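Here's the structure we're looking at; comments come further down.
Labels run A, B, C, D, E and F following the written order; every chain starts at residue 1.
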Amino acid sequence: MDKLAIFPGSFDPFTVGHEDVVKRGLSLFESIVIAVGYNANKRDYFPLDDRMQWIRDVFANDPRIRVEKYEGLTVDFAKEIGASHILRGIRTSADFEYERAIAQVNKAMSNIDSVFLLTTPEHTPVNSTIIRDILKHGGDASMFLPEQIKINIEKSSNR
Amino acid sequence: MDKLAIFPGSFDPFTVGHEDVVKRGLSLFESIVIAVGYNANKRDYFPLDDRMQWIRDVFANDPRIRVEKYEGLTVDFAKEIGASHILRGIRTSADFEYERAIAQVNKAMSNIDSVFLLTTPEHTPVNSTIIRDILKHGGDASMFLPEQIKINIEKSSNR
Amino acid sequence: MDKLAIFPGSFDPFTVGHEDVVKRGLSLFESIVIAVGYNANKRDYFPLDDRMQWIRDVFANDPRIRVEKYEGLTVDFAKEIGASHILRGIRTSADFEYERAIAQVNKAMSNIDSVFLLTTPEHTPVNSTIIRDILKHGGDASMFLPEQIKINIEKSSNR
Amino acid sequence: MDKLAIFPGSFDPFTVGHEDVVKRGLSLFESIVIAVGYNANKRDYFPLDDRMQWIRDVFANDPRIRVEKYEGLTVDFAKEIGASHILRGIRTSADFEYERAIAQVNKAMSNIDSVFLLTTPEHTPVNSTIIRDILKHGGDASMFLPEQIKINIEKSSNR
Amino acid sequence: MDKLAIFPGSFDPFTVGHEDVVKRGLSLFESIVIAVGYNANKRDYFPLDDRMQWIRDVFANDPRIRVEKYEGLTVDFAKEIGASHILRGIRTSADFEYERAIAQVNKAMSNIDSVFLLTTPEHTPVNSTIIRDILKHGGDASMFLPEQIKINIEKSSNR
Amino acid sequence: MDKLAIFPGSFDPFTVGHEDVVKRGLSLFESIVIAVGYNANKRDYFPLDDRMQWIRDVFANDPRIRVEKYEGLTVDFAKEIGASHILRGIRTSADFEYERAIAQVNKAMSNIDSVFLLTTPEHTPVNSTIIRDILKHGGDASMFLPEQIKINIEKSSNR
């Protein structure tokens, strides 16, 4: 069995919660593709290429992790790369309801199953939207970011 | 008693879940007006006239169902057409919280009561937002659409 | 159409919330059977016969309301009396999840559909468990009880 | 102890629910700053200055209440004015999940704690979004607004 | 990697929902131990030995599935048999809140991670409590039970 | 203002989550009575007197904290000791729904308001039921208990 999972998201930016789910996902899958979704018509906070490079820096020494971009349906990209599962973290029961609908529709359309890990308690309140809001207003979000993401964001804001 | 209910929504598009609620609603009401809400300032995915015609096609042989459009407050339109109740389907507990607030405010303003049916389990993950997302990316959403809606969407995309 | 709904519960005791749902249910159904479920192996707070008589007193002048007892599955009793629908009130999203499971199982077993009304906002916190807890400790729960239930409980506690 | 709380929001408009939380908050704090958040890039329904003046009118005789505007992070403004706590009302469990994330992140960043009061049952369905929707369509939202807000909105719509 | 997961529960009785989660879990794990928890002080509906044998019958031809009983903490039994993960199905957001607490405590105590699959939509309303309630009252729960469980329950009730 | 709050519960046992809420409550109230509810007909896990003494040991040096027992309605005891508020911690949205009903009923009966603090993220999964379950099976729950509670439980189990 050479199992590959896709971990899809916009990762704008990638948080300590995301990092934790990917690391724990490696106990279930041989390799994980972190799939950065983009939408040509939607404005992101951080540029797509930066987001991808920064995540690569977080997992620099781990050949089991690949970072790729995709546009369109997650299940289509999952099939394209040969993923058997979609990996997702769930934080709250509001997340859960949303994730359930998406996962059940994905399963109905493609037979690709979704696997859920829970965020650890101390990461539960952290999400990318709150972090962007902190960063926009010059606040310090470093405690919610993986070390390499923090360094990269600082560098990019000094450019 | 000649009871009339209004089944309001944007139906962009009308799903198998909507169809199921309307059909079951006919065991409670003599007739049902499917009221397609529109907002001159908001861009829809499918044109209003198409959405209305497609729903009419779904219920072509049933004189108890009428399809109308409205702008403004649902309770105002309900009063205008003489509806005694607002009919709604609920899928999830997130839906429930939202529907509860709207229904209680409608009741306070107009004394028109809301009646809720639950979607059947296999329709629970289906909603118009997810379907639009599938269609936008060229995916196959036909299993979530009533036969007549599916045919009409195919026709319209071949125009 | 001579529509009959069943409004099942243990009603230990019947609250202002229950009364409100039954009254509003009469705009949907020709008649309603308030079905007081009992379980020979479970101890109730108020005796079954009292509970039934007290509810009859609440609706004394309304021939559309009948009060009956039943043991066993709600759908079996519903079929027995020829009910087309099960009527339920929902207060909170926790209620909703529980009610959804029961309603979907009932539908799968019997084709009898469940219809939900929302409690009015001021009745939302009221449930029979809280009321029993107040009464057990000699508190004043009269604001949560229909007039006739309040009078009967007072009488019974003076016996 | 000279305790000051901040009650942040956009208050577009200020509702009977907000008024109720502030009044009850005065049993916990010596003074409360109602902090009207604004965002230079976002269009509001009512002008910022009107919203502030209208809230001042609601609490005209109470020197313990101050109304101020702020842009940026709530915790930064809270520190600036020397608030020890953030006061919030919670209506529903959907609110709760959102408020929990914000409050826990605020605590992690600033050590300023959040204190929650529940809206009273009859105010539970009321929120500013629903009120704006009613007002936009010429409906009557006066039962959801404090007396002074109602008068001011009427005056402003007659201008 | 020779990955083993534990799928704990009381399985009183084992449902189509349980069967579905185990089957899908086999795409993640080499083998799964279905661990039937018991409590010497608690009365179950079906005898422990029956429950175990019936589940074995469901997976009779699959050497990757083992059925064992345990008393005590799930994490202790998981460690005893060398399981790396706890496999769980989630049906509703009420389930989710409960499962999250248990999973986070298990992780804190043992470093054994929990992995969640969602039930398929049509199995969402089904749980063992509802099934027991149907069976107690002589109802027909066969549509919610795996074929082999159904046959065994029928046999046992004819004994 | 000499504000007194009651912090009611069964505290069987008192957890790090409880300790945290009481400490943070001291920034809102001059003094807090930790009110240990008991029910002569219900069997507890730890004896009432032990639970009370152990909590006293946790706050041994803080004259602002008193520990008392009560039977009956929380609002009655709150009035008896002159408390102006009921202090509660909320962990999850399931907690929230339950707490809201109780708080709104308490307010309706007594005009005593409830004030809510959120547990910190790392304490969110911890509750007394889970801890008792761990202790019953000889597991190590020490990370979820205040230092003094842990010491006392160890002493008591060696008796």
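Structural remarks
In this text, contacts are C-beta pairs under 8 Å (C-beta built on N, C-alpha and C of every residue); 3 or more make two chains touch, one makes a residue touch a chain.
Since this is a predicted model, take the numbers as computed values, not measurements.
Shared contacts of chain A and chain D, meaning chains that touch the two of them, come down to B, F. A turn of 180° superposes the CA atoms of chain A on those of chain C, with the angle given to the nearest 5. One finds 34 Å separating the Cα centroids of chain A and chain B. For the pair chain D and chain F, the distance between C-alpha centroids works out to 31 Å.
For chain F, residues touching at least two other chains, in rising order: 92-94, 97, 100, 103-104, 121, 124-125. Remark: the chains found to touch one another pair up as A-B, A-D, A-E, A-F, B-C, B-D, B-E, C-D, C-E, C-F, D-F, E-F. Chain contact summary for the complex, chain C toward chain D: residues 92-94, 121-125. Touching chain F in their complex are the following residues of chain E: 72-73, 75-76, 93-94, 97-98, 100-105, 108-109.
Those residues of chain C whose C-beta lies close enough to touch chain B in the complex are 3, 24, 27-28, 84-85, 90, 93, 96-97, 100, 103-104, 107, 113-118, 120-121. The residues of chain E lying in touch with chain C in their complex are 92-94, 124-127, 130, 133-134, 137-140, 143-144.
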